[in-house]
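Order as written gives the chain letters A, B, C and D; numbering starts at 1 within each chain.
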């Protein structure tokens, strides 16, 4: 389908007519099936019993076994997992945004010796394979009594997302005209107030973008959660799903229901915030 | 790590420098206390939860650590690494993935963004639909795609059989010839939407005059793409490539859940190998996996620097 | 109200190179409207930012009202500034933008309210107080920027090319508005621009800068008629003053290429130092005419061929090539009919002649004032 | 700004401190595998409940965690003093013992409650380190009806010959029924079961032991002949096409529900999954399950040999803070009574002593058949992964478990790779 878009059309008509309505629709339709198809398939399976699924993997659910969702919810501690994930992810995202924004602001705005060095150091940690720090991080958390605690996991999540946050926000903050800062200085504001009253509000589109990206990534984080959390009451959603899969080893229908439970809120949230995400990304690029 | 010295310097002398009004008059400068307030939290998080563990890992790589005992072995772990066949297979697979797959990701993302930019109806719906895979966790994506690749009833083989191409059906994840490609496709499926959103944002920010001018120049769609859009998006595309590259150099979750590195190490990546050596082999030695991790960190850094040099791109991702 | 005194102010940036601002020595009187004029990169904005406290002063002293403020942060200098980009806070309404500085200074709320109202009334912004900047036109934004400075009621106003983002008509309006406000407030104002019209019309004095140094300070017309060097001479005036290279063979008259001129403004002893040396003879475009009689008995002249004619409506610019590489432009009346390629001779009164030393570019001081009929 | 941040962090820290402080001093933690195997889970829960009822001074925090996660977590946890007091372990993870992380049970439990054959799996320097709850033999389950349908009669010895098994495979493949249901999607050993059981019967216990300890080469002619035969099975289509990705749970389903297969080589903990309710994927009640012996090899040294192994065991953490309670719990588990209950409820062998006379299993028929296949056999102790370590174990997983039975590499290549990784150079 990629080739279809790229095919040169000897036309100088505006974009919409460039390669014909038909071709475009076909490509778009095909790609939508490709992205949504598997997901919808999963959705149908979530309301079918495993017996029905193995009889025909692609049949339309008949009847709809909505009770699978109830069973999945009751059977496993999805409520707990949700709550844990929410606490950890929301706290981590809030803190990393604040900490990252402060650092990004300092790096974008102030000239000081070692500015680029600090930036490079912070950014370079994006390169670290997580396995590199996993074991030591584990030991450190134990040293500070933060192992198997949501606080420890939150701290680790903050450190995980810090480089990306600084990277994205620094780029955006650097584009805020210096005049605004000068004006605020003339208006009598100090550095911290300028950050709070000027940078944060103006940076909101970019901050929204990093909030969303950080949220998605942490909501789905698995590796650190599995190593750093052992208490079933402290499991986050991805480990919860894994455990749930373990509990229902060959019950495809039930697994699908569990997966749907975990996925739907994120998709709804994205559908709600997607405009902001795009705007945030665009806002930085348009000056 | 060169970082440690500068890390220490910032919080060390805030009081001494407080009386530096000279700096205050230039809004692009800030006194040390102010800088400290802004930077210390981030640097503290970095130092405590990234630099220190990383340093510890590198330190560990000069030991053999069995149980509670650590025996200094000098460079032995590194020497062993040179002769470790599995490691080199993992390096090869990771390189293939890291250099090839981002092209797939970025190209798909760009073309999708162009399709949306071309002004299709329901653009908002498509944007959400195409972004959906990004929202799914690797665990979910892995389950889903293992079902899709199922030999007996997976979509891929069912579709092939439906069009009479029974000969092409295979156990996609079980065949060393296709396993890596199959996992790469899955990974691309997950990430294309992200690239699409970034490209879309970048296209929207292109000055429309240039696009209009190119139309006056009787510039065809293909020509416009090649001569106008791609060159103007170049910084964005290159940055996406580098970001994707870094991501692939670390790729772990998906492989681990889908194939565990098999069959016959065909999908082994450096990350899965490190993890395997650290957590899955029935030995406790942390020194060797630490050595792999340390070497790999160096390789990734070098590769990123090299890419930046090749692309000569000082421009950064446009957000 | 305040006197702003710049005493040998220098600005050097790290990394060597010539200083951006070099030894600027100017005193701006109380209530004066001082215009810093010069091409981009001449150091005028840097000077302004040093006064504002947005840039450190490398050496020299800056004092406001007798108080040395080199080390005083911007917020404590009681100065307001209007930026070229307006620097309106995009996330605040007009009212919030106006009151932002006052809120910081702990001004009582009713007082803030009163001042914002007042300024909004004066500038005609009252209907827009609840809007955000992106919903305003360029002129309205400019007025908000001005208003933001005015509500502060500062000792000194600074303007950094505040009109350059406006279209021509609006620019004229706003210019008049600013003059009006200066008269009303009577505050000291320092205004940076590269536009000579703004400088001539607004400034009580102008300070022409070039390459980081002050080229000349004075009342607008004084600077216009007595430029200190070729740079000032050419920078003020549109089109720029015509300069002709020549060698002063004898005192009293000069001939070079198509140029012929008598130097009646200089007594021989004034010319003595430049006799036999290379000089630049200057004639403003508006002093050239086709009418020999009007130029008087000792009229100078230039002869050449027309190579460009630009009718501007009110007048016509005619460009003449005297010989290869030597050109001059005349501002002639709108009725002039000139054809390209046509040979032409233009005349000017000897009293409209300027003379500069080619080696130093400095003007040769005249013995008699400029006596053109204007 | 920073104040707010500090406040948030402090708040969290307090919340954590609060929950930590609430812990009872006599509480011990215990991790068990088998979240997905109800019978075993119930057995463990019941033992813990009994113990808590009898010992008021101890409470037990019991978690059921998938095996892979237990290993990952325990591996980090033991190093830092954070491992639970009691956790699940199998003898194929010897590094815990070697690293000194396990507490010898000698002083805590009555060793007489353990079967003598089960002790060696956990014995080191004369001490026993694990409570061998789960034991198993490697069995060859089959679908009686399907085998009959393809025209093969299982002899009275319940053991086919080398050629007979090949014939069974070919007939199954010809009839479109997968001969051997097996997959290696989530386990490192199932692909090796058939081959290594055959090698055991060919080589006899002693030489098989030498093979697993690296003293005997995979190029040995006897080994080569079994591998060649095995390769014939593979080429005849013995395994499902989805072999590489089929998970253990799925291969169960594959065997007794859909699409169905002739045989299913599996350790006898087969029952943990098979006897789950059919609607959540277990074996249908009327499934014609049979157990046969793995085929006898031509000129095999020991046709009656069989692998016996200890699997799920409970170990005590050597740095546990409450060894008294932990020891008491393990002690309360190691009784004949509990062994009998395990056999009854789980339908699986145990390393705990049991009283066969008292077993009243609802799966009597199955148990009878399992016992019948285990009379007059001589056991070899331990699966290949119990003997293999590190690179050798990894190579076993990739080559013998996966690539070779998948037909990806030849007999010679497989032998080369195994020798390279496992052969002792001496």
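Just so we're on the same page, contacts are C-beta pairs under 8 Å (C-beta built on N, C-alpha and C of every residue); 3 or more make two chains touch, one makes a residue touch a chain.
Quick caveat, the model's predicted, so the values are computed rather than measured.
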item	value
Neighbouring chains shared between chain B and chain D, ordered by label	A
Which two chains share the largest set of C-beta contact pairs	A-B
Most remote chain, CA-based centroid, reference being chain B	C
CA centroid of chain B to CA centroid of chain C, Å	55
Separation of mean Cα positions, chain B and chain A [Å, integer]	14
Distance from chain D to chain C - Cα centre to Cα centre, in angstrom	91
Interface hub residues of chain C, defined as touching at least two other chains	53-54, 73-74
Set of chain A residues in contact with two or more other chains	99, 102, 135, 139, 182, 185, 190, 192, 195, 242
Shared interface positions of chain B, touching two or more other chains	27, 29, 37, 41, 278
Chain B partner contacts - residues on chain A that touch it in the complex	2, 5-12, 14-16, 18-19, 24-25, 27-28, 31-32, 34-39, 41-42, 57-58, 99-100, 102-103, 105-107, 109-112, 114, 117-118, 121-122, 124-137, 139-140, 155-156, 158-159, 162, 166-168, 171-172, 178, 181-182, 185, 190-192, 195, 206, 209, 216, 219-223, 237-238, 241-242, 245, 252, 255, 259, 262-263, 266-267, 270-271, 274-275, 277-278, 280-282, 284-286
Contact set on chain D toward chain A in their complex	1, 4-5, 8-9, 12-13, 15-16, 19-20, 31, 35-36, 63-66, 69, 72-73, 76-77, 79-82, 84, 247-250, 252-253, 257-258, 273, 279-281
In the complex, chain A residues that touch chain C	177, 179-180, 182-190, 193, 198, 201-202, 204
Touch list for chain A against partner chain D, complex	49-51, 54, 91, 94-95, 98-99, 102, 135, 138-139, 142-143, 145-151, 154, 192, 195-196, 226-227, 230-232, 239, 242-243, 246-251, 254
Complex contacts: residues of chain B adjacent to chain A	2-3, 6, 27-30, 34-35, 37-39, 41-43, 45-46, 48-54, 56-57, 60, 107-108, 111-112, 114-115, 117-120, 124, 126-140, 143-145, 147-148, 153, 155, 158, 189, 192-193, 197-198, 200-202, 204-205, 215, 218-223, 225, 246, 249-250, 252-253, 270-271, 274-275, 278, 286, 289-290, 293-294, 296-297, 300-301, 304, 316-319
